[in-house]
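Labels for the chains are A, B and C, by order of writing; each one numbers its residues from 1.
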Amino acid sequence: MARAVTTNRKIAFTVLAWLVGLTLFFPVLWTILTSFKTEGEAIATPPSLFFFDWTLENYVEVQERSNYLRHVINSIVIAVGSTTLGLIVAIPAAWAMAFSPTKRTKDILMWMLSTKMLPAVGVLMPIYVIAQSLGLLDSLSILVVVLMMMNLPIIVWMLYTYFKEIPGEILEAARMDGASLGKEIVYVLTPMAVPGIASTLLLNIILAWNEAFWTLTLTASKAAPLTAFIASYSSPEGLFWSKLSAASTLAIAPILVMGWFSQKQLVRGLTFGAVK
Amino acid sequence: MGAITLEKVTKKFGNVTVIPGVDLEIADGEFVVFVGPSGCGKSTLLRLIAGLEDVTSGAILIDGEDATGRPPARRGLAMVFQSYALYPHMSVYKNIAFPLKMAGIDESVIKQKVEAAAGTLNLTNYLDRRPGQLSGGQRQRVAIGRAIVREPSAFLFDEPLSNLDAALRVNMRLEISELHQTLETTMIYVTHDQVEAMTMADKIVVLHDGHIEQVGSPLDLYNKPANAFVAGFIGSPKMNLVEGAAAAKYGAKTIGVRPEHIELSTEAGEWAGVVSVAEHLGSDTFLHIQVDGIGQLTARVSGEFGVRHGDRVWLTPPADRIHRFDGEGKAM
Amino acid sequence: MATLQTQTAARFMMAPAVIMLLAWMIVPLSMTVYFSFLRYNMLMPGMETFTGFGNYEYFLTDPAFFEAIGNTLLLVGGTLLATIVGGTFLAILMDQPFWGRGIVRLLVIAPFFVMPTVSALVWKNMLMHPVNGLFAWIARGLGFEPVDWLGSLPLFSITVIVAWGWLPFATLIILTALQSLDQEQKEAAEMDGAGPVSIFYHITLPHLARALTVVTLIETIFLLSVFAEIYVTTGGGPGTASTNLPFLIYVQALLQYDVGSASAGGVVAIILANIVAVFLIRMIGKNLET
């Protein structure tokens, strides 16, 4: 709008927006703050906001527990592993659907999306029984496979939309310039698709890191990622709050940062193109 | 070197026949323009020649050899796309070098050829830039450079000037024509703009619904259109086509007379009418006239003809400039 | 655009993804259906007997089942209401000019990226705890008795936690749709004499209709499977007051080891999700045409 916005209006909205934003963010903020308090301080009344003795003892203690590191590694392996495997399978599929569409392409794509709508509970039993009989309960491999299958539709879908944005004529030009299929993919398609692939990678790592059904039901202690580790502290013993806050902050911090970079991808990936 | 022959080439997409059967001979070194309205199949024909689409039946011969089954890379042709299709992540140098790289040519030879092509096209100062940093005309030239460097037997142009503004279009038209004179290579050029066709072509192929309506030199098509469609398509403003009693007088179902050939008078003539719109350009005057018993006709007069909306004028079509068409629209 | 060479290559390239998803869909699904007809308890393996619709009878006549269905619908409905209404207001707010938009946007988006177990525990222990929680402190400060949120209002509290996590999603979608509204349309309406409320009602809202529908459908699909928040806070209780369908199935499966019954429940959950999925797929399909 070319007309000047009145400053009063801008001030009013600024106050309102910041109020709302801070309120919504408050639980996260509170967790981060509590992680720097002593346990006694954490349950003190009245609760202190910023003025207390900041301490790093909780973080030190959390780091010192070796099994915390193991859970971090589990989370990383599961999130990155499932997403990477998914990408390897999905890139060729999305390529084929974007650049050589047939009459059935649309149907196949929608069928793939529909598999994502299957409630996980519906297949809890068979997956559990299969995992058990293969001796894969509480193992990283079963989680990598299961989470890959859960996210595969989204990965294929997102790559498809990014590939479709590459003008077909550029690939035809490569063909006219003498590039074989392989060279076309390596020299032209992949460099142009890298931003899209990166975005897909980012969003799906986030989704896999935060997944809280299979990671809770299929693991016990060895393969438990951070979701399960944190969940094991569900009994309210007040003395643990600071440490719980520290562990939580560490668990969510990387994802919060990644998430802030992937807002657009969120819309693209999770609305399946129904909103542009 | 660049003779192309199409023998009974047909193309179907599913159940839809886009090209029902085309025979065409293109001689080496000719500048051939495929022209026609949207959807007439001209781009499809070009893509069939390029190998980007497979023919449903028929043969495409390049220099006498059957190239119908060959992939695009092995036909020895180069194509300039409507959207230029430059590789956005590569510099101008790399864009032009790409086909040579695909052919496995030595780096030093590539450097030579790219710099030569860049020199011809005034791109030497832009070799390090990316397509995103170039203007439309410059991108156009990079696309042409990429094609030149392959030394193809024929160039294929797919509506290359459509994305340029009017002034640039005129300039690029000249550049492409000059290029043709320099390289003497066959060029097949697709456009919907009949002005481009008329000014650039040695030979024009007029297409309509996949059929070839007429093949001939620009002046042939202008002076002796084979049917009413070609007559109405070539020449701007469009030829006036008249049916009914006025046509019957000349022994035809439809007669046509070009706006620039109509003789105008404010006193007397064969047909009488009232000016509805008068466009004064200084160099010409275009008059749109409601003619009694016939309908809306367009006339063009050189220089200034001072009539206005509502004035009465008389039109006379000169006998030697009347085109007669029979019931099927064919020239008589 | 495609020639014969690329079409054959394409088929090979799609094969792995298609085959894997096919296997993922068919194998576990058919096993679930198969199990649902068995009396199968994991503590006594090898003693499975065919029991026809016995599991379904048992499951569907269990009063816990009806309560679970009811809770599921309440949870989904409540979250939808909160996120859509809240999301719309938030989106409109974020669309206004003010200072620090980037940062506020980040603050609003954050809850979606917090893993559900962390957010549930934070809400449970630090906010909703009747003794040490922040809400309790505020209540006492205002002279009220602190409320035992998760004890006395379990489903409501869980709905709050879930809605907090999904609000950013709704906001982002609605904001995206809002910003895609052509400025010129609104200007044309202004020239036609419409005031801000009229413009909202007659132009903005219909434009948002599609986005709101999408948010509803997609959230519903995901909300039908809420699990972690219940697992970590109330464990479904007190009793089954905050048990939804997924949690009920989980309890049958991994706490009571009753595979048959859990599978029957799984089939019910799948049917429920399918109903919503049909509508969502139709919407997506329409969009894929463009």
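We take it that contacts are C-beta pairs under 8 Å (C-beta built on N, C-alpha and C of every residue); 3 or more make two chains touch, one makes a residue touch a chain.
Computed from a prediction, not measured in an experiment: that's the story for all the values here.
K.L.:
Report the chain whose mean Cα position is at the greatest distance from that of chain B.
P.N.:
C
K.L.:
Comparing the two chain pairs, does A-C have more C-beta contacts than A-B, or is it the other way round?
P.N.:
A-C
K.L.:
Taking the mean of each chain's Cα atoms, which chain ends up nearest the overall Cα mean?
P.N.:
Minimum centroid-to-centroid distance belongs to A.
K.L.:
Can you work out the whole-Å distance between the CA centroids of chain B and chain C?
P.N.:
57
K.L.:
Nearest whole angstrom, what separates the Cα centre of chain A from the Cα centre of chain B?
P.N.:
53
K.L.:
Mind checking the centre-to-centre distance between chain A and chain C? Centres are C-alpha means, answer in whole Å.
P.N.:
Chain A and chain C have C-alpha centres separated by 16 Å.
K.L.:
By the touch rule stated above, which residues of chain A touch at least two different other chains?
P.N.:
Where chain A meets two or more other chains at a single residue, that happens at 172.
K.L.:
Where does chain C touch two or more other chains at once, residue-wise?
P.N.:
1, 5
K.L.:
Could you say which residues in chain B touch two or more other chains, in rising order?
P.N.:
Answer for chain B, listing residues that touch two or more other chains: 51-52, 71.
K.L.:
List the residues on chain A that touch chain C in their complex, please.
P.N.:
1, 5, 9-10, 13-14, 16-18, 20-22, 24-25, 27-28, 30-31, 34, 43, 45-47, 89-90, 92-93, 95-97, 99-102, 106, 108-115, 117-130, 149, 152-153, 156, 168, 172, 181, 206, 209-210, 212-213, 216-217, 226-228, 230-231, 233-234, 236, 238, 241, 244-245, 248, 251-252, 255-256, 258-260, 263, 266-267, 270-276
K.L.:
Which part of chain C faces chain A closely enough to touch in the complex?
P.N.:
1-2, 5-7, 9-14, 16-18, 20-21, 24-25, 27-29, 31-32, 35, 42, 90, 93-94, 96-101, 103-119, 121-127, 129, 132, 134, 137, 141, 164, 167, 169, 172-173, 176-177, 180, 183, 210-211, 214, 217-218, 221, 224-225, 227-228, 231-233, 245-246, 249-250, 253-254, 259, 262-263, 265-267, 269-270, 272-274, 276-277, 280-281, 283-285, 287-288
K.L.:
Help me check something: in the complex, which residues belonging to chain B touch chain A?
P.N.:
50-52, 71-73, 77-79, 81-83, 85-89, 98-99, 102-103, 146, 150
K.L.:
In the complex of these two chains, what residues of chain A are touching chain B?
P.N.:
167, 169-170, 172-180, 183, 187-188, 191-192
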